[in-house]
Each structure stands twice: as structure tokens, then as C-alpha cells.
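Residue numbering begins at 1 within each chain, and the chains themselves are lettered A, B, C and D in the order written.
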Amino acid sequence: MPPSRISLRSRVYRQLDPRAWAAGGLSPVNKLLVVLILLATATAIAETEPELYGPYGTWFDALELLFGLLFLVEYGARLWSIAEDRQDGSALARRLRFVFSPSALLDLLVVAVTLLPFIGLNPAMLRLVRLLRIARLAKLGRMSLALRRVHSALWLRRYELGLTVAIGVAVIIVGASALYWLEGDLQPDKFGSIPRSLWWAVVTLTTIGYGDAYPISVGGKIAAALLAFAGVGLIALPAGIMANAMQEAMRREPAGEQAD
Amino acid sequence: MPPSRISLRSRVYRQLDPRAWAAGGLSPVNKLLVVLILLATATAIAETEPELYGPYGTWFDALELLFGLLFLVEYGARLWSIAEDRQDGSALARRLRFVFSPSALLDLLVVAVTLLPFIGLNPAMLRLVRLLRIARLAKLGRMSLALRRVHSALWLRRYELGLTVAIGVAVIIVGASALYWLEGDLQPDKFGSIPRSLWWAVVTLTTIGYGDAYPISVGGKIAAALLAFAGVGLIALPAGIMANAMQEAMRREPAGEQAD
Amino acid sequence: MPPSRISLRSRVYRQLDPRAWAAGGLSPVNKLLVVLILLATATAIAETEPELYGPYGTWFDALELLFGLLFLVEYGARLWSIAEDRQDGSALARRLRFVFSPSALLDLLVVAVTLLPFIGLNPAMLRLVRLLRIARLAKLGRMSLALRRVHSALWLRRYELGLTVAIGVAVIIVGASALYWLEGDLQPDKFGSIPRSLWWAVVTLTTIGYGDAYPISVGGKIAAALLAFAGVGLIALPAGIMANAMQEAMRREPAGEQAD
Amino acid sequence: MPPSRISLRSRVYRQLDPRAWAAGGLSPVNKLLVVLILLATATAIAETEPELYGPYGTWFDALELLFGLLFLVEYGARLWSIAEDRQDGSALARRLRFVFSPSALLDLLVVAVTLLPFIGLNPAMLRLVRLLRIARLAKLGRMSLALRRVHSALWLRRYELGLTVAIGVAVIIVGASALYWLEGDLQPDKFGSIPRSLWWAVVTLTTIGYGDAYPISVGGKIAAALLAFAGVGLIALPAGIMANAMQEAMRREPAGEQAD
């Protein structure tokens, strides 16, 4: 079909909505948007570093203004082209539905946190805005069909994963109580109360082991060894569940349909 | 069936016993009890922290009194309504069986440790009582049908899990002996005897690695590297066993029957 | 069959050899031997601790003498009763085969390291003997039919496990080389040569992370992050292999035949 | 077939090319080459250590000269015998194809970095050359048919593994942002910017936990505990994927065909 017979709005819609792109994978415009989002996230991370923002601050501001305008154009184009969507109701109804959809609200937030500092903002707010710019990474969620299916697979296993987390929390509370009892007097700043012991118990059960808190008495070490063994057993539970969920999610989605 | 024709005792029994609730999941009263148990556990954890108990001690005491009375009412209601249970023997026989069942003894312990401090107790006992209040978390066990089935699945695999633990303990003893031999003279406070080396071996095999004890000689580091590799291999064993057990437990229990 | 018609030697043989015990599981004598071996191992561990051996040295020596005599009696009983074994050749041939079998040589070593200190031994040898007493744990190997089958299952997967270890070693060498290049001048005592960097690489890839060596430059941290990600991926490999091997070993051995 | 009727070039070719060796496994010459490569890698690792190179420098140089000449002979023999390969084109065309193949370019690089120091090289270059000698380990890749098949199995799962890495990177960025927000003012050298926090987030999510950076405030510890739980869940994802990929790779390659 000759491109002259398809309206510009329809072509923009097909480029922007991943479900409307017939060729499979991502459209060229969406591929560019993925690169833009990754660049904007990297910029947001880099500009929190004083050693980088200090000497190159004006360049970062210019880059943020550019990202803000590009995301504004993207938002406008989505708002304009959504009328091509095959939903019930008038073009206005579709646009209203779009405006209040979670992904469009996220888009608007991204535009706001990118452009707000240029309107004038006090320094305290600036830091929060700088942090919220990391949220631009969440815009990628729209692009990935696979992510959505993995999410639904995990949703089916939410009960198993929840049970594992519940057992883990119970083991952590029991372990923290034991160390509070055994070492509360020896190291009061680390095990002087159960809330203080909880930090040690989490760091031990997940086998991280920073080394800022550890038992020094024989009884405390025996209790810690039991918790460590429980940790190895508990880490095994989500491994099995996630392996099953992953396997199921991949069986539902053959390699040929993947959005990449 | 009109509610007027069912006795109050029967209705209380159906609300309290998870197996007697026909609608599936937990009854409204049991859902409230789950929330109450979680709140009481959080309170017991928080009140061990001097920075919280110091300024808000009277509020915590009032909360504990409330929890104690509510758990007393729960115990009384269970004792009264258990006569509705379809077991052999008289109502008295059923009540005696209930009183000496593990979960009822736990309930009585929970009531005791919650209310005892208000009768008068010396400070040394108070700390133990405060710790035993964490045991209220164990009351949740009655609510979870799924937990009971996972437990029975693990029971079937007890031999495999026991063998894994036995291999792990043997590897820890061999590793601790090697470091005692190689670094016993270099770091006598950490590797001067096998019992002292055992702590290092447990922390290494479970890949926690606090950093309070580690080898400093070339020979000790080579032995530690071998133990670390064994640790990665041994952690893999329970992962496989638990994955199988979890899969089997979930196959036996379809999602629709879950108690939540 | 009346016990009077079976010779004492035959009854001793049935008690001692796990394969000759018809009832399944371990014979009463072998169960006692398992307890004895575990007690002897715990004693050997405890007596290396000066704080325990110092005040209770004579008690430990008496216990060791007792263990030594009991293991001597066990060795003698095995040597005497092995003539009942249904192997070709004369009773003498069976006894010679037994004397030079690995498990009998281990038994003799155990008797030797337990009784030698009482004959008279210089202190330097004493320490080695004390360590070798841990080898008594290996006597348990004879008791476990399941361990032998798991071992043969792992033997079938030796190629996969070997490949995993080879990939792991290669990744460790590459990681150590990278840190030697990036931080050799910054921390010469930790990364000043590849052999020195290897210790850090092993501790990182196995996710132990003692904290005695870690990169401090940006380049070193990026290289360490890549190694950490590789570590998570590599730990996953033996988990899959061991899960399969464990599953297969358990399929071959039904629960009813287990030796426990 | 009598060996006298096969040309020397053909016999050399069969010895050197793993695919041309009919008997299965590795040919005697290739087995010798494997040992040579492992020895050369161990030598390259050892000679970076000043305490070894200092006293034994001339021995290491002699060993390197020997390795260089042997690898030169191997390269020449491969170049000469490749004419026996059953590919289209003249012997010259086959040799040109071989010269520009990745494995032959690697061989040439190995010969160069081994022999270059003997021609005369400034000290700065020497260190890089010494590091590049580790690349000799990569020569082993040609020998392993199994490695190639595992590689192709992982290539089929590249999308799943990529998605896991992407989720991991996103979780790390979110965790680092949270700690930058919560502890940026408390520990500015560790959490003063998101790039600085990223190091902590990687070390925590992979459960390494060196202990050089950890949260000290209540809010930071809660955020770290959530990241630690996410880490346990995320480590489970590649475990499942790799287990499946490994299983599939082993099903395709029966034990009897393995190159060992």
C-alpha cells in the first residue's frame, strides 16, 4: 500500500504504540526512544556526582532541557495520535482515557521533573527532582512485551513467593531475638534490642555479611551458624520458584515474538 | 439456612476453627486474629528498644494489657466452642483434649507472657517474658493450611536435606582442621583450635564472609579457596532439593484451595 | 531360626558388615559405632582448644584411651569375622584382602592415631596425631549406602562439574589480571601481582567478600562489578547440575531402602 | 591402513585439528598442547609476582623463550598442514583464510607477546605484554567441543539472560538512588552521589558485602534490607535459566562424544 494514502497521524500512531507495529519488534521511533531514555537515565545518574556536575553543570542543564523538550514532543505526539486507537468512543474520549492511564501520567511526570528546574525551583526541591529523573527508566516498561508476560507469570506465583518471604521474615525475627538474648549485654549498640538485631539478621540470612555486626560469644556464634544454615536453605526456595516461573513464562512466549 | 437456627456456640466455633469454615480461606474473626498477632509481634519487637520503650513505656504497657485480654478472650472462646467439634467423647473430653493440644498450650503461654508482668514480676524475669512474647508469631501456624502441606513435603525430603547438612558439617570440620593446622600459630585467637576455626569455616562455607576472620598465609588462602568452591557446590544441593519439594507441594495444592 | 544354631562369628559378621544385615538399615552394633565415631570426632575437636584441654586434659586422655581400645576391639572383630564373607579363597585370603582394603587401612590408622600418644610421642608429632583423629569421621562412610549412590551420580556428572570449575578458574584468572592491571600500583600489597589478586578474585566470585581486599578506583570497581555479575551467573551453573544429579540419585534409590 | 601411505602433512593435520581426529577426544599432540598452554598460563601468573620473578627472573625468561619457540612451531605447523583441509579453493586460499581466522590471529598474538620481550621492549610495554600472556589461556577454546555447544545453548537463552541483567541493573539503580537520598548527607564519600552509591548497590545485590560501605541510619538499613531481599530473588533467576540451558546442552551432547 502506498504511503501517500495513509494519514500522517496514523503513521505516527503506528510508530509510537508497540502493539500497533505490525512488523514485530520495536518501530524505528521507539528504538530511538529507548536510546533516549537510557541516555537520559545515565545523565540523571551522572549529574548527581559533584565532581562531574561542578565543572560541566551548564552542559548537563542544556542536555536536560533537550531531553525535556523531546519528551514533551513525544507526549504531544502520543496525545494527538491516540485518536487512531481502535477503541469505543470519540477521539476526545480516547484522549481522556490516555491522559489518565498510568503510563501517560508517568510520561507527564517525566516531562515535569525534566523541565521544572528551568521554570525556577528552590534548591531543596531541586534534589528531589534530580532523583525523580531516575523514574525515566520506568518509561522502558511500555516497550517490553516480554517484561509484561514475566510479570504475569510472577503474579501467578505470588502466593509461593509470599510464603517464602513470610518464612524468611519469621526466621529473621527468631534469629534477631536469639542474638538480642545472647549478646544484648555484650554489644548493646548492635544487639541491645530486637530492632537493632534485625539489621544483623537480614545481613546474615541473605549471606551478605558486611562485617559491621557479628556475634563474639560462643552462644551467639552457634545461633548465627544455625541462622546461616537456614539462610542457605531459604535462598534455595525462591531459586526453585523463580526457575519454574521463568520456564513457564518462556514456554508461553516463543523466541520469534520477542520485542527486541 | 437462617442464622437464628444456628446456636451462638456453633457460629463461634465456625469462626475460630480454620477447618470448620466452609467458604474457604480464613473467616472474618481469624483474619482479625492474624492482624492482631502481627500487631502484637511488632509491639513485642519495638518495646525491646530502649529509645522507644523509654518515652512511650506506659503506652506499650497499655497495648500489652489490651493484647493480653484479647488473647484471653480468644482462649476462652476456643475452650467454650470446641465442644462443637465432631470428635468422639463428651464435651468435657473434647475440652481436655484441646487444653493439652500443642496449639492450645501455646495459646495459654502467650496469654501468660502477655499478662504476667501486670501481676508483678522481678526485672530479670521481665526480659525473658519480653522475649517469649515473640512466640506469639507461632500462633499464625494454625491459620496456614499451605504451611502445613509444605511442611509435609519437606518431611518427605528429610533424608536428602539431612544428607546435605551432614556433608556440609563434614566439609566445615575438614576446612576448620586445615586452617587450624595452617594458621593456628599465625592467628591463635582465630585459628588456635578447631572450635575457634569452626566459626570461620561456617561463615565461609555459607558465603557470608563477615571479615572478622580470614587466612593471611598462602597455604591458608589456598585451603580457604577450596572451601569456598565447595561452598558454592554445597549451596547448590539444597537449592535442587527445595525446588523439587516446593514444586511437589504446589502440585498437591491447587491455587483455588489456598487459605488467604 | 533359633540363635543357638548360628555361630558367634557369623552373628558378629552380620552385626558389623552393613551389606550382611538383612533387616535393612543399620544393625544395633553399627548404630552404636556411629554414635561412638561422632563422640570421638567431637572429642578430637574439643581437645584442640587449650581452654578445654588445659583444665580437663586427663579426662580427655582417658576418653581417648577408651576410644582407642574400642576401635581396636572393632578392628579385631572385623578381622576375625570377615572369614564369614562369601568370597572365593580361604579364610586367610579373605583376611589379607580385608587388611589391605581402604576402609580397613583407615580403621588401622584411626586405632594408631588414637593409641600412639600413650606409647610415647614427642610434642610436635602429637599435634599432627591430634589433627588426624578428625579422620575418624571418615569411618562413617562405610555406614552410608546413600552416600555411595550420590557419589556415583556425581561421578556421572563429573564432566559438567569439571567444565563449570574450569570456566570459574578462567573467570577468576581474567578478573585477577584486570585488577592487577588497574590497581597494582594503588594497592601493591593486595593487587601488586596476579597471584596476590587471585585471593581477591576467589573471595569475590564466590560472593564471600571478607572485606580484606576490594578495589578503590573507579576502573577497579567497574571490573569488580562485572566479576560479581559473572559470579552470580557461575554459581547458577552447579546449582542446575547438582539439582539434576540429586534428582537422579533419589530416583534410583526409593525411600524404603535407605540406610538409616 | 598402513601409516607409510599417509603423507607427513596429512598426519600433522590430523594431530592438530580437533575436528580431523577420528578416534574421538583429543589427539596426543593436542593433549600435549593443552598441558603446554596450562603451564604457560601458570608461568605468566607466577612471573608477575616480584618475590618470584626477583630471584628466579632468568629462569622465567628462559621458560618464556621456550614457550615462544614451541608456539611458533605450532603456528608454522598449523599454517603448513591447513592445506589438507577439505575446503574449496587452492592451498594458498586455505592458508590465507586460516591466517585471518580469529583463532590463528590469537595464535599469532600469543607468539608475539611471548617472543617480543626478547627483541627489545621498553619497561612500560613489558608490563602490558606480561598481562597479555594470560590470553594464552584462550587458546584452550579451540580444544573444547563441549564449550562450543554450551556457548550455543547460552546464545539461545541470550534474551532471558539479558532480561535478567536488565532487571538487575534497574534494581541496582533504584537501590543506589534510595541510598543517595537517605544517606547522601550522612556518608557523602560513600553515598554522596548515585555513581558513588552504585558500588554499594552492586556489592549488596550480588550478596558479596565487602563491608567498605553500608547504611548506618534506620531508613538506609530498611532500604538495604529490601535490596538484599531483591538480590536473593534475582540471583534465583539466572540459576533457573542456566540450569535449563545446561540441561539442554547436555541432552544434545551424549557423554560418549565428549572431548576429553
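Criterion: a residue touches a chain if its C-beta (ideal position, glycine included) is under 8 Å from a C-beta of that chain, and two chains touch if they have at least 3 such contacts.
Quick caveat, the model's predicted, so the values are computed rather than measured.
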item	value
Touching subunit A and also subunit B, the following chains	C, D
Numbering shared by both copies at the subunit C-subunit B contact, with half separating same from different	different
Relative to subunit D, chain with the most remote C-alpha centre	B
Turn needed to bring subunit A onto subunit D - CA fit, degrees, nearest 5	90
Subunit B and subunit C, separation of their C-alpha mean positions in angstrom	32
Euclidean distance of C-alpha centroids - subunit A vs subunit C, Å	45
Residue numbers of subunit C (touch at least two other chains)	207-211, 235, 239-241, 243-244
Subunit C to subunit D touching residues, read off their complex	156, 159-160, 163, 170, 173-174, 176-177, 180-181, 192-196, 198, 204, 207-211, 214, 221, 224-225, 228-229, 231-233, 235-237, 239-241, 243-244
Subunit B-facing residues of subunit D, complex	207-211, 239
Touching residues on subunit D, where the partner in the complex is subunit C	41, 44-46, 48-50, 52, 131, 134, 137, 146-147, 150, 161, 165, 168, 199, 202-203, 206-212, 234-235, 238-244, 246-247, 250, 255, 258, 260
